[in-house]
Structures are given as C-alpha cells and as structure tokens.
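The same chain A turns up in both complexes below, where it pairs with chain B and then with chain C.
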Partner chain A sequence: MTAMARTAPPRTAGPTMPGSGRRGSGHRRRSVKPWNQRLAPYLFVLPNMLIFGLFVIYPAINNFNISLYDSGNGRDFTYVGGSNYQEMLSESEFWSAARHTVIFAVCFVTLTTVVSIGLALLLNQKIKGRAFFRTVFFLPVVISPVVVGLIWGWIFERKNGLLNSLLGGAGLGQPGWLVNSTLAMAVVIFVGLWLHVGFYILIVLAGLQGIDSTYYEAARMDGASGWQQLRLITLPLLRPTTMVVVILSLINGFQAFDYIWTLTGGGPVGGTTLMVQYIYEHAFQSPVQYGAAAAAAVVLFCAVFALTVINYLYNQRKESA
Partner chain B sequence: MRSARISLTVTVTAAAITLLASSCAPGSSSDGGDTKQADDKKLTYLYFTDGPDEQATRDLIDEFEKKTGAKVNLQIVPFDNLEQRLQARLSGNNAPDVARLTDITPFRTDLLDLNKFQKGALNGKFLKGADSYITGKSGELLAVPSDLTMNGPLINVDQFKKAGVPLPDPKQPWTWDDMVKDAKKVQAANKTQNAIAMDVSGHRFSTMLSQYGTDFFDKTGKKPGLDTGKATAAVKRFAELNASGTMPKDLWLQAGTKYKAANEIFLAQQTPVYLSGNWQVSAFAKDAKFTWAAAPNPCQKTCGGFPGGKFMASFKQSKHQKLAAEFIAFMNSKASQEKLAKDANFLPTRKDLISSGVKYPKRDADMQTFLDDVKRTPQTAYASAYSPAFGATADASVKELAKVLAGDSSPKEAVEAIRAEAQKALKDAQ
Partner chain C sequence: MSLTALRGSRGARDTRGTRRWTSIGDGPTPTAGRVLTYAVLIGLSIVVLAPVVWAVLSSFKSQSELAQTPPAPLPSSLRTENYTGALSSFDFALYLRNSVIVTVGATLLTVVINTMCAYGLAKYNFRGRNLLFLIVLGTIMIPLQLIFIPVYQMAAQLGLVNSLWGLIIPPAATPTGVFLLRQYMLTIPDELIAAARIDGAGEFRIFTRIVVPLSGAAIAVVTIFSVMWRWNDFLWPLIISQDQSKYTLPVALAQFNSQLVAPFNYILAMSVVSMLPVVIIFLVLQRHIVRGIASTGLK
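Take a look at the complex of A and B:
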C-alpha cells in the first residue's frame, strides 16, 4: 500500500489546458480581437450546425409537436393534447416494450463496458498479430446491421441453424434460441455486443494510449503487481473514457432496432420488442398512428436524456471528489 | 457569468425553435381536389412487382404509349416501402399519377374519383365482392381491382407419389381431416420436418377461419363478425397442429410481428403441403426442382379459399387526372387483364373475363384449381378481405396466434382479443 500510495497518479490525466489556472488571479486581461476574427470560428461551424439543426434538432422538436396531434396519414392532423401520452401509458404493449428496453440496455451497457475494456487491455499488449485481432474485432462495426441480423438468425435457427447442428452433433440438444423469450433476449444482447463492441474497443484503446507510461514505470519500480497497476492506475485514469463508453452504449442500447428487427422481428410474442420497434410499428404499420409514435419517441428521448445527465453528474462528482 | 450567458443563449434559441415548430399544426391539409392540370402527356406509375408481372406490365405500357402518344414513367419500389413512400410523396404534394396498391384504406381521402373520366369503361365491370371497398361515401370509384389472388394449398406431387397417397381431386375438395391425415402420411414416408406449412400471415390464417365458417367481419365488412365458437375451434386446431409438429411452430414464433413466407420450407422439400396462394405459381414454376401442383382448399364448415389482390388508383394531386384514368382503364380492359393473367399467372377481376375464363399458357391446371376455389369462396370472405379494417386485424391475429403457440394464452382468449382488435380497427378506419 505504501508503495502505491506514493506512486498513485493524479485523478486527471493529460496536459494542462492553456489558460487554466489563470482564473482567480484577478488580473486577467481580456484580449480584444477584431470582430471578423471573433466571428470566424462561428462561421466555420455554421454549415455543420445548419445541417444538424435542419435534419436533427428541428425534426426532434417538431416530433414533440406531432405527439400532441392524431394523424393516420401524415397530412391530416387533429389536435388531441396529451391523449396520445395517456393512451400510450395505459397500453400493456408500451410497458412491455419499456421493460424489455431497460433489460436490454442494462445488460448491453454493462457487458459492452466490461468486454470493451477487457479486450482493449488485451489488444493494448504487445502481442503477435495485434493488428489482425484489432481488425477482427472492428469488422462487425462496418457490416450492415440488417445483414448481421440475418446471419445470426441463420446461426441460431433451431432446426437447421449452425449452432444447433454443432450442439446436436455433440449431444447437447437443440435449444430454441429464437422461440423462447428469455433465450431470444440473451441472443439479441449477444448480437448487439458482437456488433458494437469493436467501436468501443477503439475508444478505450485511445484512452489507454493517453495514459502516461511513466506512471507504470514508477509503479513497477515501487514493486506494484499487474493487478495493482490495473486497479490503481489504469481504471481510475480510464474513468473519462469509461464514461464516454457508458453514455454512448446507453444511447446505442436504447436505440437498438435494425438488427433485432431482422433477427427476431421483436418476437417471440413480443419478447424482444424494444421501444424503437414500438415506435416503428406505430408510425409505419397499419393502422398508422403518427401521434402515438411521436409520443413514444418523446418518452424515449426524455429517458435517454435523463440517464445521460445523471451519469454525467455522477461522474463529475466522482472526478471532483 | 460566461456560462450564464451561454445558458441564456441556448434557452432562448431552444425556445425560439420550439415556438417555430409548434406555432402551427404539422402537415398540410390540401386535398388536391382542384389541382391544376398539365398539358404534357406524361404519367408516373408507382409500382411494386411480384416478379413475372413486370415484363407484362412493361409490354402493356408500351402499347398504351403507342396508342396515346403518352410517356409512362414506371417507378418500381420494394413492396415493403410502398406505403411509406406514397405517404411521403402525398405529404410533399408530389403524388404519382397512378399507383398499384394492396390496401387503399390509408389513402381513401386522397384518391381520385375514376368515374369522373372513365365511368363507362370501369364502373360495375369488376367482381362484386370488392364494390364496397372501392366505392367512396358519395359513390365515387376510388380504385380498380387489378388482379385477384386466391389463397390455397400447393402440394409436392413427388412426395405424395412416393408415399402412395392419392392426389386430392380439384373438383371434389378434401376436408381438413383428410388433408392433415394425408399430409402426415406423406411426411412419414418422406421423413420431412413438417407435414403442412402456412405463411406467417393473418391473411393466410383468415382462410382457415373462413373454412371453419367465420370471418373477422360480417357480410358488410363494417362490423366484427368473428363467431367465438367457430373461431375458437379453428385456433385450437391450428395450435394443435403446431404443437404436434405437423406445422412448423418455430416459423410463427421466430417471425415476431413480421410477415414470413414458408415457401423456402416447401422448396427445400421439408413439407409436402404448403398453404399459400396462386402468386406462388409463377415463382415455383421457375424455382421448384420437383413436381408440384395446386390443390383445392380443404373444406370444413365451408369450402373455398380467401381472396386478396391489388388495386390501381389515381390521386387528386395528379396533374394528369384524365390521362391517369385513361391509363387505368386501358390496363384493366379485358384484353390487358387477359394478357397480364396469362403472362404472370394472375387471376382476373373483370366479371366478363371471369365468366369467359382464361386459358393459361403455363400451369393452366393449377390456375384452374385456384379459379374453381374462387367460385367456392363465400361472399363473406370477400367482405372481410375488403374491409378497411382487415389489415390491422390480420396483423393483430398473428400476434395473438403466437401467444397461443407460446402457451401465453388460450384459443378462446386469442379469439376475444382478435375480436376486440377488429372492433378497434373498424373505429380507427372510420
């Protein structure tokens, strides 16, 4: 403990930001730049912000507006106030989709965070074929989610699927992976992890490479074991990166749809129907209910936003503690 | 101080955008009834293809272009995207002049009254069962049934022969008991995974309901018609067949809420009987590596199959309404429908063509089996199939049947849930 106490790094890593530390000096002079220089940064981001505003922010806000109307065709709208929300909250299908979404998101975020950190630690070692393994883990990220759903659907099919052929050959039976709600949920979580973990590995790898190697050298000189280095140097310094992974995977988990739709169609018996599928079915399947779909989208947005803020504040508090 | 300024800016911007977005009701309410008409002779035809019908349609378009000097732009879209694309185009006031549809219900208020231009050529010329569906509140002709589909079984003749089971007689339909017994014998002799497979579709299950003597809706198509006793018997039989492995239970459970055809199981020779419909005839003529045939629908309380089909319609937003109506009339003339039926193995919808009959150059015997079932199908099945609430109720029935197969509900509970959904769908469709 004494050795590690001496070598434990500060809670934040990376270089000091220019200008930081000057606050509170009381004599900071405000530099007066010409107006065109002050305007320039805003002009650089303006095209991006315009596109973002037009195609993301405006539709998102307009979605809230639509949630207050009833429409079966996207052209004729009748104002109904909060009744879309009222009706949605009284539907058992909504609560079922919400429950499945929470189960999926919790498992997906936990597994993604743990597995991506674990694999990134392995891939950060000087092992033979490191570039090959990094490519292998990243490869699913560039495959179309629809194709991913179809491929895993064939693999997990009960009677003629690849997995059950192997299990059956080994005398282990033929589980109904996609016909049992619990197994089907496990399958979609696994496929989600397989599909996305490569992206999160990259983020963690970037975080790992940002940790100053002198901390490890000092720790080794003080006799710290590998486990102690991991626990007291790597994981604390990875906290900002871990927060990014948690937030992004949380958003990803709540938005999961495409590969699940092709893999299970939300079945069996709605066992893998998540919120986005609930929204999709209301918006695009007969009978079309744009208002109800928009209301569900608003609820999903609020849930993701609230969880992101809570997570951010929690980590901020940890940082400052 | 700085962060307070940023917060204020963000809040003001967000408030401004919110105000902008919510200052008016979304969408546009123009019905396009007085759309300014263009002089050019150009038409757009939004189309999805079943496969062999595409070339026949192109040939007919060529003929129409030569005859009228018009130019028809055939826009082929995937069936799954058709409704969404059409809704988007209507919202953008950019509707096609003509579209091929399977369900006109979501577009009823947008459709052009074809009687305004082609009453003589179109009104009253098509099968009676679709009349209430294609007729507007004030007697408008909103669409034309361009082809009829008929659900029915297809059988693997090679497997029946190997099992020594005689083929069903198209003129004297078998019963459900006969069909199940024969299919099981063939399954055992050929060691197939299943004996009977049905597409995961509420439309296909409606065939079984109709044969058990009941339908989602009554003879008007505007009131729920499901008889609890008869429907429960059908659902119970369906559940038993799946539980025993006679039918592939996994197919229904794995599909979720998506449509899933069982054609691959039939083509892989893992089921000797496949409950689908006449649209498979052309596809199987090309893809099947074994001898197969259409079989008559099994009888229970009633005989016959269950109808479906496609419609051609134009829109009030069209800038070429007269030409669009002329095109629809041409494509659904006796000669055109006969060509399309022969080339694509479609069933005709024109009364005159139904009574004169169609001699198909390919798979004529199979098509005649389906035509025989058209005659046996009760009128209530047509009323149900063409009810504006059919689509939503059929989708709900798939969910409810899956619950029964998973053991989450009883056949009676499923029937009650389907009935409640039919009631809700009728209310929504009004």
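Take a look at the complex of A and C:
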C-alpha cells in the first residue's frame, strides 16, 4: 500500500501542497510524508547533482557564452559578439581540422558499423573458442588510448618499426606510414577501429541475442537460405542496435583525441589534427586564440548534438513506417 | 577444433531446430564457411594481440636490441633495466603514485555519490525527480571533449588547477554510473524499504543497511568502470596537471614521448606498467564489465 502511494505519479498532487490533494481512499493517512522522507531524496541526489551542475551543465551553457567574449589571457573578458566566429572561419587551420574530422568520422563510423556487425555475426554462431575471441576483441577497449597510440606509432615507424621491418624483409618496400598524410589518416582510422570495435561488437551481440529464434525457424521451414535469413531477418531486426552503434560511434569519432595525440601528434602538417586537438591547442598552447577555440567548441557541440537528433528522428520514422 | 568445426553440415542444421545461422559465410558449402569464419577470427585475433604482446616482449629488450633490424622476436634475456631505469632516472614513481591516488580517490567518491544519487532517483517520489533523471541522461550526451574550455575555467575559479583534487572531483559524478545503479535499484522491492520504515529505521540507515548491500553487483560494475576510466584518463589530466609534479602516468608518457624527454625503452616499459593493471582487472572481472555494458550500452 505504501509502495503504491509513493509510486503514484506526481501530477496527481494538488497545486498547493505536494501530496495533500491526492485522491483515492485509504491512502490519506500516508499521503503526507514525514519531513525526513520528503527531504531525504534531495539530500541523496545533492552531491552528485552539485558536481553535474558545476562541471557539466553550467559549463555546457557557458560554452556558448564564452564564444561571444574575447579573452587574451583567459581572465578579462570583453564582449565581441560574433567576431570569434569570424576569426575561426577565416582560419585555414579550422577548415583543415573540420575537414579531417568529417573524413575521420565518416570512415570510422562506416568501418565500425560494418566490422562490428560482421564480427558479431561470426561470434554469434556455435563455434569453438567463442569466449576467447570475444575476450580478445574486447581487450583493447580497456587499454589506455595514450599507450595504444604510443605502441602503434612505434610499430608504424618508418625506419625501425615492426611493420616496415617485416615489409622490408619481404621486399615490399617501406612506406612512410606516418609521414604521408593520406596514409597517416588511414593509420589513425585503423587504430581507432582497433581500439573501439570490441565495444561495439558487444553491443551488436546483445542485439543479436534479442532476436526471437522463431523467426529463423519459420524462415527455414520456408526454405530460406542463410544469406536470405541474414538479409531479411537479422539485419532488419537489428536496426535499433545498428542505430545505437552508428550514434555512439559518431559521437566517439567526433571526439577522437588521445590516441591520435600520441600516434601522430596531429601530423604530418596537421593532416590528422581533428577538432578536439584544434580546440585544445588553440585554448592551451601558444599562440593562445581563446575565442576561436571556444567558437570551434560550440560548432563541434552543435554538430554532435544535431547528428544525434537527426539519426534518432530518422530511425523513429523508419520504425513507425 | 577441426572436427567440431567441420561438422556444421546442412543435415545437422535441419535436425537442430533451435540452432541459429546468421553467418554470411553460410552458403551452399557450410564447411567452407566454417573454415573462413575461423580464418577471419584467428587472423584478426593476431592483429589485436600482436602489438600488445610485442610491446610487452620488447620492454625487456636492451636499447641496442630495440634498434636492431630486423628485430629479434624475443628479448635475449628478461632484463628489467628499462623498468628500473625509468623509475630511477625519471619521476615515474611519482606519476604512478599520482595515478593511483587519483584512481582510488575518484573511484571512492564516484561510488558514494553515484549510489546516493541513484537511490534518490530510484526509490523516492519527489518534485523534480523526472527532470533530474533527464539531466542525468542528458549529461551522458555531453562529453568533456566538447566543453573542456568552460569546465577548465570553472576548475580554475575553484582553485583546482594543478591539484590532485582537480583530477578527482570534477569527473567523479559519472552519469553512466548513476544510470546503471538506478536501473539496478528499481528491481529492489519497495516493500523492503517500507518495512524498514515501519520498524523505525531512518532514511540514511535504510540506504546504508538495506539498499547498498542489495546493490552490490551494480556497485562492483561501477567500481570497475571508474577504475578503468580514471586510470586511462588523458584529456582532463592534461589540462589540469600543468605542473610536472602533478602528472599522471598517461600524461607523463604522452608529454615525455612528444618532447623526446625520455628514451623510448623507458616509455615502453612504463606503457606496459600502465597497461598491466587494467588488463588484469579485465581478464579477472570480465563478466561484470560485459554485463555493465550490456545493461547500459555505455562504456
């Protein structure tokens, strides 16, 4: 009984005193909670919400605000309106970072989605060593991205790197993986995939396990081939999971930073400098261009937010259609 | 492997009705598909494991062995000079200590405030509850990478720059942790809490004596996640720890490598030190981690 009273939706509460106007008989005695029960939830959520407020919500709002002010030293602010945005848009470095971020994100999302679904399908079969493979593919997710970048950077090194010693030994030449900017971008995408794909495999596996096996039984009775089952049952029913993979990897791709920092340092000549690194360098390294950095942060924020909403709405419509 | 692997013939498939075949390799010749499946899985496992194994092996090599081409696969002996050298000629012991303090401190704080917050959201009905829960969900969508300039300004105003508190407090309120714990606590029966109230237990006592013990499994997951997050954190420590004495291990590795301060054999040894704890935690507690991700869709 008390449980029912407490889980009643709050809108049944009267306009003046919370809980006092609750209708229904029998709960009246319980409807006004003692003060400690009314106060307790606020105290429980307070510490966590205080940190959220100070270090997430207020800064998220303030992000826009800062981008409208000029600050040479990060302390004295003068209102400059949209001129930070003008400064940012006139910078070729911004356009370079934006372009590379889009290239990286598109490749990363596509490859992550395809590879994670492909590997999850393989791992979803009754095969020997399934647990082992799952563990192996997930392992990179727990390793520090900084260390991942260091190790791969060392392996891809032109002269002494493991890869080029192997290639050179086989007489296949020694490409400058991290010297050529196209190759460097490919390496960055590959390492991003190596680092993150295990996480998405896990999500797809959970999605595959959620598909009712009776669909497959019915399809087999109708004589559907394995390929047909994949195309007509698995992939359509996996759509919500695919949406999750696309959204999460998109958000993930737009904020890629740490492993690239130690892998290429954003080079060669800005060829793998993505937006987060652009913002970091302009805000914290000399020459400091605080305004441009703040404006770029707002642009990145809006881009990620808009993409998330668009993807969500698109999939909503597809599902209801 | 081969026998069971090759037994996946068409006949076996038809007799076992519950068996699911979703592989793209499952064409008219399932055995070929099987072989292909194993080839792909084994090949990719090597791609995943090789760099890690190579780094661990090479961390025992001498500088001249590291420079050798073609490189020898195994170190000539298990030399630990790279480890001892890094700890003695650089302040890596200090960075390691900073990393441990931050990881332990932030995880303790995270577990306490996330559990409290989750309990408030899961088991009380109060004004603003839905709004607060929406805020928790919303903050999952706002990663630090998008707002670190104003977050840094806030930390600077509060005097948290160049202090370990600055590394501990701001990241402690993890929305993922609150979400995961809340979902778990929803399954605790309300009657249990109501009964404790009738017995005269105070609100905080109910939390510590009933809710926390019953949420052990979820708290374990949040603890493991928090340890991995804080141990591997880079961007936030990079911004906050501007003074070398406040570096964490990842910051020191990245800075020393990019500025060519420390020789690479030391960097390699300390990279292995950074990798080892989380890999061991993962291998031992894998089940909890996988369940945590499966139930939230977040890492």
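What we mean here is this: the second predicted complex is superposed on the first by the 266 of 321 C-alpha atoms of A that agree within 3 Å, B and C clash if a C-alpha of one lies under 4 Å from a C-alpha of the other, contacts with A are read in each partner's own complex, and residues count from 1 in each chain.
The rule is short, and it goes like this: a contact is a pair of C-beta atoms (placed from the backbone, for glycine too) under 8 Å apart; a residue touches a chain by one contact, two chains touch by 3 or more.
The structure presented is a predicted model; accordingly, all values stated were derived computationally and were not measured.
J.: What does the overlay on chain A give for chain B and chain C, a clash or a fit?
T.: Aligned through their shared chain, the two binders clash on chain A.
J.: With both complexes superposed on chain A, which partner does A:Gly267 reach: first (chain B), second (chain C), both or neither?
T.: So A:Gly267 only meets chain B here.
J.: A:Ile57 in the overlay: touching chain B, chain C, both, or neither? Say first, second, both or neither.
T.: both
J.: After superposition on the shared chain, which partner residues are touched by A:Ile279: those of chain B (first), chain C (second), both, or neither?
T.: second
J.: Kindly classify A:Phe44 by the partners it touches after superposition: chain B alone (first), chain C alone (second), both, or neither?
T.: A:Phe44 contacts chain C only, not chain B.
J.: Under the stated touch criterion, which partner chain does A:Gly118 make contact with: chain B (first), chain C (second), both, or neither?
T.: A:Gly118 contacts chain C only, not chain B.
J.: According to the stated criteria, A:Arg158 is in contact with first (chain B), second (chain C), both, or neither; which is it?
T.: After superposition on chain A, A:Arg158 lies in contact with chain B alone.
J.: Comparing chain C with chain B, which touches more residues belonging to chain A?
T.: Comparing touch counts on chain A for chain B and chain C gives C.
J.: Output check: A:Leu172 vs chain B and chain C. Expected answer is one of first, second, both, neither. What do you get?
T.: Touch status of A:Leu172: no partner.
J.: Go through the superposed model and pick first if A:Leu300 touches only chain B, second if only chain C, both, or neither.
T.: Only chain C is touched by A:Leu300; chain B is not.
J.: Determine, under the contact definition given at the top, whether A:Leu313 touches first (chain B), second (chain C), both, or neither.
T.: neither
J.: Looking at chain A, which of its residues have contacts with both chain B and chain C?
T.: On chain A, the overlap between the chain B and chain C contacts is residues 57-58, 62, 65-66, 74, 159, 261, 265, 284.
J.: In the complex formed with chain C, which residues of chain A make contact?
T.: The touching residues are 2-3, 6-8, 10, 18, 36-38, 40-45, 47-49, 51-52, 54-60, 62-63, 65-66, 74, 118-119, 121-129, 132-133, 135-147, 149-152, 154-155, 159-160, 162, 165-166, 168-169, 194, 199, 202-203, 206, 208, 213, 216-217, 220, 225-227, 229-230, 234, 244, 248, 251, 255, 257-258, 261-262, 265, 276, 279-280, 283-284, 290, 293-294, 297, 300-301, 304-305, 308.
J.: In their complex, what parts of chain A are in touch with chain B?
T.: Its residues touching chain B are 53, 57-58, 61-62, 64-66, 68-69, 71-77, 79, 153, 157-159, 176, 178-179, 181, 261, 264-270, 272-273, 281, 284-288.
J.: Can you name the residues of chain C that touch chain A in the complex?
T.: For chain C paired with chain A, touching residues are 1, 4-5, 14, 17-27, 30, 33-34, 37-38, 40-41, 44-45, 47-49, 51-52, 54-55, 66-67, 69-71, 112-114, 116-117, 119-121, 124-127, 129-130, 132, 135-136, 139, 141-143, 145-156, 158, 169-173, 175, 178, 189-191, 194, 197, 202-204, 207, 228, 231-232, 234-235, 238-239, 250, 253-254, 257-258, 264, 267-268, 271, 274-275, 278-279, 281-283, 286, 289-290, 293-294, 297, 299.
J.: Where on chain B does chain A make contact in their complex?
T.: Result: residues 14, 17-18, 21-22, 25-29, 83-84, 87-88, 90-91, 103, 105-107, 109-110, 193, 249-250, 253-258, 260, 391-392, 395, 399, 402-403, 406, 408, 425, 428-429 of chain B touch chain A.
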